[in-house]
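Note that the chains are named A, B, C and D in the order they appear, and that numbering of residues resets to 1 at the start of each chain.
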Amino acid sequence: MKTRVTRLSASAPDDISTLAQAISQGQIDPTRVIAVLGKTEGNGCVNDFTRAFATSTLRRFFAQQLTLSEAKVEERIAFVMSGGTEGGLSPHWLVFEVDASEQADYSLPGLAAGVAFTRDFKPEEIGRLEQVNETRDAVTRAMASAGIQHQDDVHFVQIKCPLLTASRISEAASRGHTTACHDTYESMGYSRGASALGVAVALGDLMEEQLSNEKICSDWSLYSTRASTSAGIELLRNEVLVLGNAAGWDPAYRIGHAVMEDALDTAAIDRALASMPGGAQLTVTADNLTGLLVKAEPSASGEIRGNRHVMSDDSDINGSRHARSLVGGVLAGRLGDTRLFVSGGAEHQGPNGGGPLALILRA
Amino acid sequence: MKTRVTRLSASAPDDISTLAQAISQGQIDPTRVIAVLGKTEGNGCVNDFTRAFATSTLRRFFAQQLTLSEAKVEERIAFVMSGGTEGGLSPHWLVFEVDASEQADYSLPGLAAGVAFTRDFKPEEIGRLEQVNETRDAVTRAMASAGIQHQDDVHFVQIKCPLLTASRISEAASRGHTTACHDTYESMGYSRGASALGVAVALGDLMEEQLSNEKICSDWSLYSTRASTSAGIELLRNEVLVLGNAAGWDPAYRIGHAVMEDALDTAAIDRALASMPGGAQLTVTADNLTGLLVKAEPSASGEIRGNRHVMSDDSDINGSRHARSLVGGVLAGRLGDTRLFVSGGAEHQGPNGGGPLALILRA
Amino acid sequence: MKTRVTRLSASAPDDISTLAQAISQGQIDPTRVIAVLGKTEGNGCVNDFTRAFATSTLRRFFAQQLTLSEAKVEERIAFVMSGGTEGGLSPHWLVFEVDASEQADYSLPGLAAGVAFTRDFKPEEIGRLEQVNETRDAVTRAMASAGIQHQDDVHFVQIKCPLLTASRISEAASRGHTTACHDTYESMGYSRGASALGVAVALGDLMEEQLSNEKICSDWSLYSTRASTSAGIELLRNEVLVLGNAAGWDPAYRIGHAVMEDALDTAAIDRALASMPGGAQLTVTADNLTGLLVKAEPSASGEIRGNRHVMSDDSDINGSRHARSLVGGVLAGRLGDTRLFVSGGAEHQGPNGGGPLALILRA
Amino acid sequence: MKTRVTRLSASAPDDISTLAQAISQGQIDPTRVIAVLGKTEGNGCVNDFTRAFATSTLRRFFAQQLTLSEAKVEERIAFVMSGGTEGGLSPHWLVFEVDASEQADYSLPGLAAGVAFTRDFKPEEIGRLEQVNETRDAVTRAMASAGIQHQDDVHFVQIKCPLLTASRISEAASRGHTTACHDTYESMGYSRGASALGVAVALGDLMEEQLSNEKICSDWSLYSTRASTSAGIELLRNEVLVLGNAAGWDPAYRIGHAVMEDALDTAAIDRALASMPGGAQLTVTADNLTGLLVKAEPSASGEIRGNRHVMSDDSDINGSRHARSLVGGVLAGRLGDTRLFVSGGAEHQGPNGGGPLALILRA
């Protein structure tokens, strides 16, 4: 079995020309695609319609390619769009294909991937235990789908989750329900945080008993080291992509992960490499770098290594935008590459001010 | 003779408490201060009043310290405020003191610094040859003031220059004059570009005959490798700080420079170190890093190492803000420090998409 | 013959549920639709993808409704998206249908509408005489299509036109061509300005001999009183909708126009009403107001009735966004309605700081 | 006794040239000044340093004028800076002078004004009952200072209040205290809301028993119809200016107020005029309009008269900025004047989506 990851440039949120070309040249088989991650160039916040535009374009494209209804495509492929390419980040797609047809004995575990979806959430469930629990179950289903048996073999869980808008809050209120918060931008954090806690429970990093609605987006000592969650206006359910290494999968592609302890922690790259099967024999090069996924957020202390940052006090540019540009620059300087999947808002994802990082290489 | 450089944190544009403390503790002698550079937390663009607020606060403070009128302080100290601490950049002051009282024989050249000012510019002169020529003359005067005889011994020229506002453009028009451009944000680039070309001519990197009004902000093959120019609404003249190494100056502080060839060029740090007297024996550490000054701009090609960036097409965040956050992240990741003087808009300062970088160490 | 105009709310750039409902209820006949104008909620500037998202959604919808290819839909329907609903403006669609099947004798002229398209422009043609001339010809063709014989019977010409992006500028440069400007946001003004001058020539308000490339976006004494042009990243041609009153058209819908002399000129509503056939007998009410289209821009003087505005010096919010919010507020306060088609950037459209205004009533 | 109000233009946050001129020409007596309100051109949100820059400039200016220490000036004059001149709003100063020297019998009550200050607040008190109660007491003291005996004679209470920053929140946390919220922009609303509720209690519009920490920024049915509160980073206490009409005061200046029921409610101008002593005999003209103060906010319903607005879902421009530009446009269109003191964020100030409005005329 083999998971193949292809990284493609995008010149606009609806530019799928590189994808179409890769398919027409046989580099990608559309029937094997289980997930498309996209770094799109909107603000990554509430009114970022580049995510929905990209999703709409991709869904339609795959419906044509697979001769399926768009509804059927949605049951089959996770479209995880993360807005925001601040600083030098470059809009791109990461296409995940799974080929389960061939069985082989490999000397090393290889990249395994699986997707699952929750049901749609009501506004009052977002950022609360209902979202935690549904996400936990979806992660477990996605692991099974990927054939990953041990929680420790999971290296990264990428999730797309919904947010609250003024009209959603108001709709909940009309039914007599409160929501986790009233500010729409803030709701993105609640949704990301609850989703990340769901991953932590699913992977055994936290116990369900440790959690309560009050602790979500409040007790930062609770976090997952392998969750990356991204909120968007364009969906109401959680879409879950689980990535790990497992026996029986072709080690041509492998994944490693580490936690950036703070925004400047470039050594996380080395630790992620070391965590990978056979990682000690590898170095990251322009050729083998296939995907870099990482979370970024302003530290709540207002400081980075003792020096003040302004990310949280800036009312012109949201903190998550500052954080993406910073971590994007830190890692691009180290890797010489700007097509990095840096996602903003790391609530309950790694320690405060840091975040999980995953490295996918084509060995 | 000795040039001392002190780097101090600022918690707001008018926070000079760290400066006051350094003076009261004898770490800084206000009578020796020739320049204060400030990285302030505004947008770094047209309506950034943090620069003027900082300048106003500093001018007043030094008038009290030196028992001088503010006008006299302005003749003596250059206040070079650069707005914009996007990403993780940390607001800070760089205080330059010169002590010419003692003469000594030093084995190595040390940091030499001098300041000079042009006259106020009329709106129609900004971004044109008049600004180039006046800047050239001021650089020459600042070199003389620093006791730097050879053009090659200059490592960095930091300049603060004016910009056009709607009312300045309109005032020029009322006298029958056109201005270099009509967009106020764009005028910052013209002012920075003309000032940088003045540095290039003063330092022998370009010949006056190569220049014309048409080439300013148009022919990017013409540039200085040692100019860093920053535009602000708070002044009408150019303020020039020349930095170099010269014999007779205490090598306790030394400067080196290099050109970042593009926004990801972290190796410029190594080249700047190598360019420093005795640099081969040094490494940059948290202890000896005293100042890092660098220019950042979006590449006009729209790409970084072949991958698209969105900096120039983003109408929510100006390109110079994206560029500062990117280069700030790239260098902070390498140096582990966010108190970096990253200035946006590198027109005619280094190659397109890159920019000059200066490194000041306390050996 | 009859032109029908329907105004529909939109809850997102891709929300066409109100349109689908109007069709299913027989209020709109998709086979008669010649143009859809949309006020979408992006930034209205360069990287506003809400326009393209809306266009893509509408094009696909009409292809399904009409059982046509999307290419055929594009030959038939003009999709004129204008981004930016700052202040209280409300996203909405204006759907124009023409029914030429019935002939009748009407006592008054009624609303007549016609569309036409130019060819795609090369980057180097945008904002220059080539765009002026092609637009002029398209206006003439659209008049013919509307059956409007006299230039004076035209009340408004709404145009969607392209803009320059970093990659388009760079592509032109690679072929040895300069473009009208280098700043992408500024290019929107050049494209709008050249398109408006094309309208002015077509309608006899200016003579071709009065124009030159140099005068575009420079000589503000040259302008159309009936053009409204809006630039977007999502197209390369100009799409032209001509609106007027003509004999033989059902006066159930009528249009009037006037020029707002400055941003506060609410009396333009009264003058527009007075310019309408039978306007003296009408008042504008919540019931009969069917469409309000107007252009807004910051005055180049930097003042409104002698008081300074900050629109052009604000580097956080572009001037066209400020102008839309201002004029939107001015007219919403007068009309009690926020579903107004206020479009930003009035270069060569009305006097500096003002802009043409059209009022469509269902009498 | 007489309260005189002078409205002066400002060309920058530190431009007090019009004030200096008015004093030198005898139009303003600096010894009588009790308050200066300023509409400055920053973002009006957390990192708006134009307010502090203006305050710092004014405080220093009056210290020189009155030969007092700046600390003494602060005990004497309230400096109430409100950031944000979106749309067409024009930066300006409103200078309030009180001359208690002459006693006269006037046929009508005239404008009476008084100021008072609270103590500095700790971060954990902001947005909570402590701030409510201290504000209530300060309003009562300011009333006494103005010689206004009846609560009903108060027409407007303008308050400047503090906000939370990342470092203030973190400082409170270090002492074991929570704060009303964690988002710095959101904290502005809590501070404004608690301050407004303090006014409501002081003026008898609400009973202390009706309030609790939980109801602040949550139960919108509780509000003052006469409070206008504005938050800023530049102070830690509340500064209170009470305005009313009282017997014994020269009716040359008079104030009236009304509540805008929503953002489009221009009729509030008429009601405010009618509420003024002798208002029935007056009309508002360019000559007699001396001050217009009003609060603006996005309606929480997400709608204005049934049509959707995007103010609360826009992550590029904060909702309070949208609201100021909208209400500024609505009133400027009605009054033909853009020097209006429109302040953003009307939590517990008037009904949701609307806000109190005060009109000061020089009869």
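What we mean here is this: a residue touches a chain if its C-beta (ideal position, glycine included) is under 8 Å from a C-beta of that chain, and two chains touch if they have at least 3 such contacts.
These numbers were taken from a predicted model, which means no experiment stands behind them.
Think of it this way: of B-D, A-C or C-D, only one pair shares over half of the A-B contact pairs by residue number, and it is C-D. With centres computed as the average of Cα coordinates, no chain lies farther from subunit D than A.
Judged by contacting C-beta pairs, the busier of the interfaces B-C and C-D is C-D. A separation of 39 Å divides the Cα centre of subunit C from that of subunit D.
Chain centres here are Cα means. That of subunit B falls 45 Å from that of subunit C.
Shown for subunit D are the residues in touch with two or more other chains, namely 11, 41, 43, 47, 167, 308, 310, 314, 316.
Of all residues in subunit B, only 43, 45-48, 165-167, 170, 182-186, 233, 300-302, 308, 310, 312-316, 318 touch subunit C in the complex they form. Residues of subunit B touching subunit A in their complex: 9, 11, 41, 43, 85-92, 263-264, 266, 304-305, 307-311, 314, 316-317, 321-323, 325-334, 336-339. By the touch rule above, subunit C contacts subunit A in their complex via residues 11-14, 41-42, 47, 49-50, 52-53, 56-57, 60, 167, 233, 316.
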